[in-house]
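Residue numbering begins at 1 within each chain, and the chains themselves are lettered A, B, C, D and E in the order written.
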């Protein structure tokens, strides 16, 4: 009789730090909700399954948990590979899947991907926001003309995803885009940074992942490149990315969709969850860390979707996954709602629709002070959404054609 | 000499073969020949170059100098595959069996050059492929019977004792039904009784199938009794060549090899 | 069948130095190979282990030197004592330290080491000074001059007989009080075979080294041995003084190749022999 | 031209770092014929233990290092006793597989003990360009790398001497050739393997500290093994000096290729280029530069 | 006493050459097949199909492929995932670019493409051996995945670099439910296992094993090394290629090149080593072991109610420890364990 949410987590392996923070945050928030009496009285239950960030283990976990305890309400694997592995399945099983800030950018088109929700920001919007920020920093988008920007990326589908956006913008604003790939895992980047040193770009976009980020920062230091001019994607903007780089990371900037800081909801987690001994993180000081906060954010959005569904289908009732899908498609977490949740400004306002499963596209830029992140853009940064929208339409329609899907909004 | 066995013409002729490894001269300017249907023994002290000689004959080693004439064809060296194809089979001093395979499979490999069906047919195990397999199996079983190793037919050879492995190796060479059989100490590690069987066996093959045999053996009794001609090597040089009796009487051979008179 | 009393008893003055008591060996948990073997080697004696291919000679030797474990063989019954102490649980290294060395069948030289290095590893358990080492080496080279010539070659590239000498020489370097020799004459030229057995004899006489040797060359083995055991199918089928054994009719016919009429030519064996088996 | 030299020097110095990891492999392979897949995990384990000890108990790094070494000794001995001893005389591939099992175990253990958070590791060596070279030649050479190269040189010399000059070295090589025969001549396999794994633990610690200082101490340290493999096959599995020469060649050519060939084919070729290079090289010398020739005789 | 061959005399070599010469085995296998084809589809849940049976079968096929190369032909390879990737991406492109092509033909063509790549990367094996070769095969692994990410044609210029497998339609039947996908996979795997068994018991198989056990001797006997090794690479890659295609089409649906990474290669290697190198049965046992063990451990850890990160790490440790344990108990893998068990049964109730 509880609202069941499967947790496909990963707590071992190279990405364990992120996984434990994110899923820890989500679980902390579940505990908080339950401590406060549930969602209109409906408690949340969950079960964890270790995926090791591995597609086939992830699929097994998904299959195992999708029918457990009355059926899964939603899933979120926090892994591109697993997300792809279950992409078709969630459609068949009619379970909504969120991919917070990653996955297929074109999945924001709900007509083609009714069950996929790349909430808050897709890679494309993030890339667009990056150029926007860099333009602002340069003193206006027109000032980007003639500038050199290096896109230093993880040489995989992930790292290449923003390239079309960056290229389009390079053309539009007249900056030079230099693309430098780093082979997985990226634990050695001397050659890339020598190239960068030679090119002497105005900015370096770091589209990195895992150990690649710390190494990039370190190698930038040894090559005398200013960390202030480096801008990381949100996978490169957590404590786990900055700390291992040590002092070299000071001044390094990265994107985020959470504003670093403390929020009432985090205090509540401390006082109601951790004080009761139910906290999920073994190290309490990680509360409010980037990944943790991202997990809390995810859980907030999930529960908001459930609440939204309850509004339509019956308050205090157990929602089916299809009803929750509707909830996701009609999310509206504005500032007022954030305030009520004790999370005002923690993440951008989210408003979704059938056409826009992303619901926001806004991000912030943060800077590493040496021991913590600090937001350096007072407002949410939004890039050229018209551009990304057009690309999104094209790409998702191609997918629909390939898969013989007629794009249509579900009710 | 048995009635139906006639020593024929020279089938294999080696001229001025020299082989060295770095500084080690394994063979120095050696010439000798093998006649069809004969049993030719090679003897000599340890490290004299006997095994190297066999390796030259079937192409494992390429001599730096010299010429090999095999069935009228002259060449500088042999090539292992070509040698096998033209009917040279052999056994090895340090057993070179396929350890992971059963005795039966090991001996079956000896017949590989006679198997013709395409591998796709083999994958289907159908029609000619199956017939071929069974026909060859029959042949191999005869050899197995002959060597008295029926009871270990399906045992992986890695689990066999040294002597049994030697026998299997002989079986594998025989399975090829070669024209020339090169045997490198086939009876090492056998007792007299087993050696007697083995000798009988070699003689039979030689007799009935007309197989030419080149034999390395340290048991002088065996060599003297069954070989037609003997070549003696010492330090890579040839020091004697002739009938067993001649060789036995050769003082140089006695000094280098036999030591106490036999 | 016993031609004589147990050798240990027959030579009361020589208490059993090595004694194998009714051992049973199983390979791979299922293959029963030794079915209760007992034998004794008195101190300072040479004991020969004879038998057809696959009878279990090598297995017996490996059981004694405890190398069996690594070939997935287990002693499931019986025990082995050396110098009066149980040794079946020891490691081979400890056994070598106590003075028991083995020369394995099939040579087993260290292919990538030079011949000399091979010999030097033999002295691993002894803490020798440089001079002593040299002396020990010299001794081996004296026995096997061929090895001196090939000392710098990688053992893997030497001839079969050279490897055999190398393996024997290596065991001698440990200066053992007892040596297990598995087919020492295999692949060795005739005059050298005599020499090897002379070496065995002289070590035996001068340094009181005991030997247990598995050998197919029954002739020479019985000439040099004091006692002999004949194995068949994992059982001892005959044992006794070497002299008695070599005069036994069956042994003569089946192991020494001499029947009533004296040695027969290998060529004259017109028929495959009826195998004598003591066990049905 | 300056840039070329910069890349070259950077590559050579990176190569030294690879060699450091490769060394651990060589050590164990040479001494026991075991291809120790767990070397990467050991590097991670050592570095994490060191950092974990120093953070948790607030120790100076100089105290944590010997403590970690003690842990590595225990680990090495335990591996010998529990994993290797029962697998004496087994085929190489089985031992290889066992070390993969070991990899999982060590990775799990490390994270169980110290958590999965990345840590920073500050050694008192700064990772900054050496100034006078910078000024004089305008070539960037990191001070850290130079010191790492020195350490590596010392290790290589020590190990090379150990193998070629001592009785133990000879015994190690004997063991690698033939376990059974080594036992038969009385080489105490247990002790030998204990020693070797301990030394490998030490090498792993050194590599872990240096790599950890560069990359942060995190799980990804296990991936440095992938950098070491091409070095290993190029230099030869059995050669200590081979590891360093291989490292230099791989490091330099990998960087040069990435910089000069990479842009032509879309870049990111560092992942496979060293392997292809090593492979091409092996076609000429199948046992690597200094590896012992594989004896194939019949 | 139940498992005896007594009284079962073979009167022809044909009978003796059967895949399962013993009657008990034949019955056992028939029962197993009947269960797989009839009982399982009737009883099992969707979870069982799509999370256990299908991946199990696909991994078995890949393991079979690797076993042909490594177990039978003795060429240690760490690049099986790359061949799987070639199979998957080639099948995808055949389907995409030759509209109307039967899907099974696309699979076969995918397999053939993998075989060609296999031959190309197998060439060095003529000179390189053992671990040198193993490390060198990593070149395949990295290079192939790199190519698939770099050359966008392979992924039909998809912005995210992933491909989505087309629907499987055979003779008008759409294979879109887990049961149907399972049955398709099962048929393919059974057929290919049979072919593999036939190969290894005839001359090709013997040539592989000969090369594995002692290549110099094999050459002297008349096997041609180059042909034999390359054939092994080709056949093995073909198997892996088909497995890769099934992995995309019958299992994941949407895949990125990264799905065929080094981890997958290693996983397949574990399967054959745990299952039994050089054994067809072993490929299946190993695959079952590697697929099921983590799930089992995960469930056990759950039962113990440990803190999740402790549980996850413990799982990993136990997994590693169990691999070592099984290797110690039986270095030749589960298949040998099974064989020994059978031999014991044969003797039962007598100890030897």
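Assorted remarks:
In this text, contacts are C-beta pairs under 8 Å (C-beta built on N, C-alpha and C of every residue); 3 or more make two chains touch, one makes a residue touch a chain.
Only a predicted model underlies this, so the values are computations on that prediction, with no experimental measurement involved.
Among the remaining chains, those touching subunit B as well as subunit D are C, E. Set against the C-alpha centre of subunit C, every other chain centre is closer than that of A. The greater number of contacting C-beta pairs, out of the two interfaces B-E and C-E, is seen for B-E.
Chain centres were defined as the mean of their Cα atoms; on that basis the chain farthest from subunit D turns out to be B. Each chain gets a centre from the mean of its Cα atoms; for subunit D and subunit E, those two points are 32 Å apart. Mean C-alpha position of subunit A lies 73 Å from that of subunit B. Centre-to-centre separation between subunit B and subunit C, using Cα means, comes to 28 Å.
Those residues of subunit A in touch with two or more other chains are numbered 11-12, 16, 20, 155, 183, 282.
Contact of a single residue of subunit C with at least two other chains is seen at positions 28, 157. Multi-chain contact residues, meaning those touching two or more other chains, occur in subunit B at positions 60, 92, 94, 96.
Here the touching chains pair up as A-D, A-E, B-C, B-D, B-E, C-D, C-E, D-E.
Put simply, subunit D touches subunit B in their complex at residues 297-298. Chain contact summary for the complex, subunit E toward subunit D: residues 70, 76, 124, 127-132, 134-136, 138-139, 142-143, 146, 150, 214-217, 220, 262, 266, 269-270, 273-274, 277, 309-310, 313-317, 319-324, 327-328, 331. Listing the residues of subunit C that touch subunit B in their complex gives 27-28, 31, 50-55, 58, 105-107, 146, 150, 153, 157-162, 164-165, 183, 186-195, 216-219, 254-257, 263, 265-273, 275.
Contacts from subunit A toward subunit D in the complex involve residues 11-17, 20, 155, 179-185, 187-188, 190-192, 194-195, 197-198, 210-211, 214-215, 218, 221-224, 240, 243-248, 282-283, 286.
Contact residues of subunit E toward subunit A in the complex are 45-47, 50-52, 55, 96, 142, 146, 149, 156, 158-162, 164, 166, 251-259, 263, 294-295, 298, 302, 307-309, 311-313, 315-316.
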